[in-house]
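The structures considered in this document are given below.
Across the two complexes that follow, chain A remains constant while its partner is chain B and subsequently chain C.
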Partner chain A sequence: MERLDDEAQWIVLMGFIVSIGIFFLAIIISQSTIVGQTTSEAVLEFPKTEIQDVRSEVIGLAKAWEVTANAGELAKRAAVLEDLRVLAMARKNAVLTVSVDPVTLADDPFNESRITIHFNNGVTEYDEFHKEYIEK
Partner chain B sequence: MVGDDAQLYTIEGVAAGMIMLLTAYLVLNTTSVFTPGDVHIPDMQLEQTVSDALAMMDTPAVNGGRSDLARFVQNATGSGRADFHNALMATYLRSTTGPPIQAPVNDLQYEAQIYYRQSATGSVQNMTFTRSAANGGREYLAREPAVRVTRWVSYDPALPHTLGLPWDNREQALLLEVMVWRG
Partner chain C sequence: MTLRQRYADEAVSESIGFIIIFGLVVTGIALVSLYGYPMLLKQQISSDERTMEQTMLILQNDMKLLSYSNVPYKDTSLRVSGGGLNVFNTTDSQQSFTIRYWNETGGYTETLVFRPGELRYTSSAGNAVISLENGAILKRQQDATGSIMIAEPRWFYDATTQTYVIFLLGIQADRPMALSGIGNIQMSRIIEPTVISWDYAVPRNVSVRYTADPQNDYSLAWENYFTGSGILAGGLTPLGTEYDLANISKFVLKAYVIRIEHI
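Here is the complex of A and B:
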């Protein structure tokens, strides 16, 4: 083998390393353009505010609804829950089923309202059983 | 006999070729064209802002009291419209440090509808609550990206309310829908 010209091997090696480094930086930059979009799409898709809104509405109703056996009052409450179901289906394309059952607690300064919430908009499903204490 | 001169140059050439090929692959594979309507970051921020504004409006000032938003909806055919507009635009959405910033810096427009269920027919109806076009704002031109924010509101016929409300006079849950856009 004839004598190879092995001058400047360090320069060649450094050039190679630097080009690999630039290559990795390019990957990071190319990812940064897409990350804001995917994050905000994920935030938009997840119905966080809708679930919070349903919770606050239903708990607000439960606080106002005392224990009763009055048929007229129970029918009125059923109509409100039916409003929630029908409007959620019509305007949000979501299945929303809510029940609110106030129960008398003996030997307790408070009564208890048992709330179930079922929310499903096809992408996100949310179920909750919640006890709200209501003043006697 | 194969000539074995310049092997280092050959290796260097192969390495350089690989780097160029990888770079071309990376560039062609990851470039996306973003158009203003495609980027959802402003939509997400706007939706969160309006949602927070409605949540604040729907929070009673005292525990167990009625919220401002519930009061506006009780008066939806009267003073509630102007009160809602002022609360949404002046108090919450255009609130800044110092004097309020007017359009076109903070140029939010909105249209609010109230949806309700008629118990006799079971059908869902709506009424136009208020909109910024009726208060010196601009109409929706169907080209701005708009977001829709909803809020449940309780209606109680026992509390003061204006006459001529289109929904049944019973305790019920209404759905307030606010469409907001920059325009």
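Here is the complex of A and C:
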């Protein structure tokens, strides 16, 4: 009588383990495309450069604007800020409100300019209150 | 006398063993073709639908780039399997959005009726319908009444400035177009968007109504979007068939038209 040959049992068992492993890997891979999609979308939609542009523009304006201004100058400033608002809506589809308020600081080598920025494009809302110090 | 242990293997027969193993193999094959194969097919259909949902997300992103980011032209390759993708021109669409707002200079309530057009995927093996309509991705089953919104459009209300912003996205196609299999879609936005913008001296209200296509009813999905927290926390107030938002100081409406050049 021949002896029963059971050496191949390990090969069959390993085959099982490997196939189950591949099955789970396939599930993980099928999930990863969804995750990649939503993550890249979130990165794409975040308005980083838009906010940075507005911020640098407004701070640049605040640096140039003196504390004392006549009525004509004030009207011009209001028009510039209004233009920023209209541009943000037209080009970036975002609601933007900006205010720049220069204040004289007594006994100080610097003047203060109080800036508020409100930005909202439906996905990201950004609010900032910033004090810019300008040399007298 | 030594005790000899005897291993009784006279009954072990190779032919019986073969019959048992062969029987197991045949039963296995029968089970797989009976239950496994239909399950695989069903899996294939649902994976086709999931792939299409993702393709629609890509198309929605392209449309966002075309509209909100001022990109003039976009070319995307895509694969449509297990069904067909159809393009419906704005004038062909049965569904519409009716928006009522206050005209500040005229001093009366104005009504705007907008037909969005549609990119519609209809599954031929399964029964899912996935649509890209007015910047939103919607899904329904052919044999059921409900519908869901997979991805929302970007309407919003800014509480600080009391600004209500509505984006409308229309799809224009010169001729009926359809795609099944691998192809690419070319989209452009050459026409400037129609902009309606009002600053109200007295806060006003704006109402929106969605009129569904009876053949392709997405009213439940839109209702859930309007009353959910997508636009603002708490949602719009349902008033009959309309969804109302009161106390608006600024109202901005932008209607974009995206042209499907070729598919």
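By definition in this document, the second predicted complex is superposed on the first by the 109 of 136 C-alpha atoms of A that agree within 3 Å, B and C clash if a C-alpha of one lies under 4 Å from a C-alpha of the other, contacts with A are read in each partner's own complex, and residues count from 1 in each chain.
By our rule, a residue touches a chain if its C-beta (ideal position, glycine included) is under 8 Å from a C-beta of that chain, and two chains touch if they have at least 3 such contacts.
Values in this document were obtained by computation on a predicted structure and should not be read as measured data.
Judged by the touch definition given at the top, the superposed model places A:44 against both chain B and chain C. Between chain B and chain C, the partner in contact with more residues of chain A is B. Looking at the shared chain after the overlay, A:91 reaches both chain B and chain C. Judged by the touch definition given at the top, the superposed model places A:120 against chain C, while chain B stays out of reach.
Shared contact residues of chain A, touching chain B in one structure and chain C in the other: 1, 30, 33-34, 37, 41, 44, 90-92.
Interface of chain A with chain B (complex): residues 1-2, 4-6, 9, 12, 16, 19-20, 23, 26-27, 30-31, 33-34, 36-37, 40-41, 43-44, 49-50, 52-54, 56-57, 60-61, 63, 76-77, 79-80, 82-84, 86-88, 90-92.
The touching residues of chain C, counted against chain A in their complex, run 9, 12, 47, 54, 57-58, 61, 64, 68, 70, 154-156, 158, 160-161, 163, 165, 167, 195, 197, 250, 252, 254. Residues 1, 30, 33-34, 37, 41, 44-45, 89-93, 95, 97, 118, 120-123, 125, 127 of chain A are the ones that touch chain C when the two sit in their complex. Remark: chain B residues 4-8, 12, 15, 19, 22-23, 26-27, 30-32, 34, 38-41, 43-44, 47-48, 51, 55, 58, 64, 115-117, 119, 122, 124, 149-152, 154, 170-175, 177 touch chain A in the complex.
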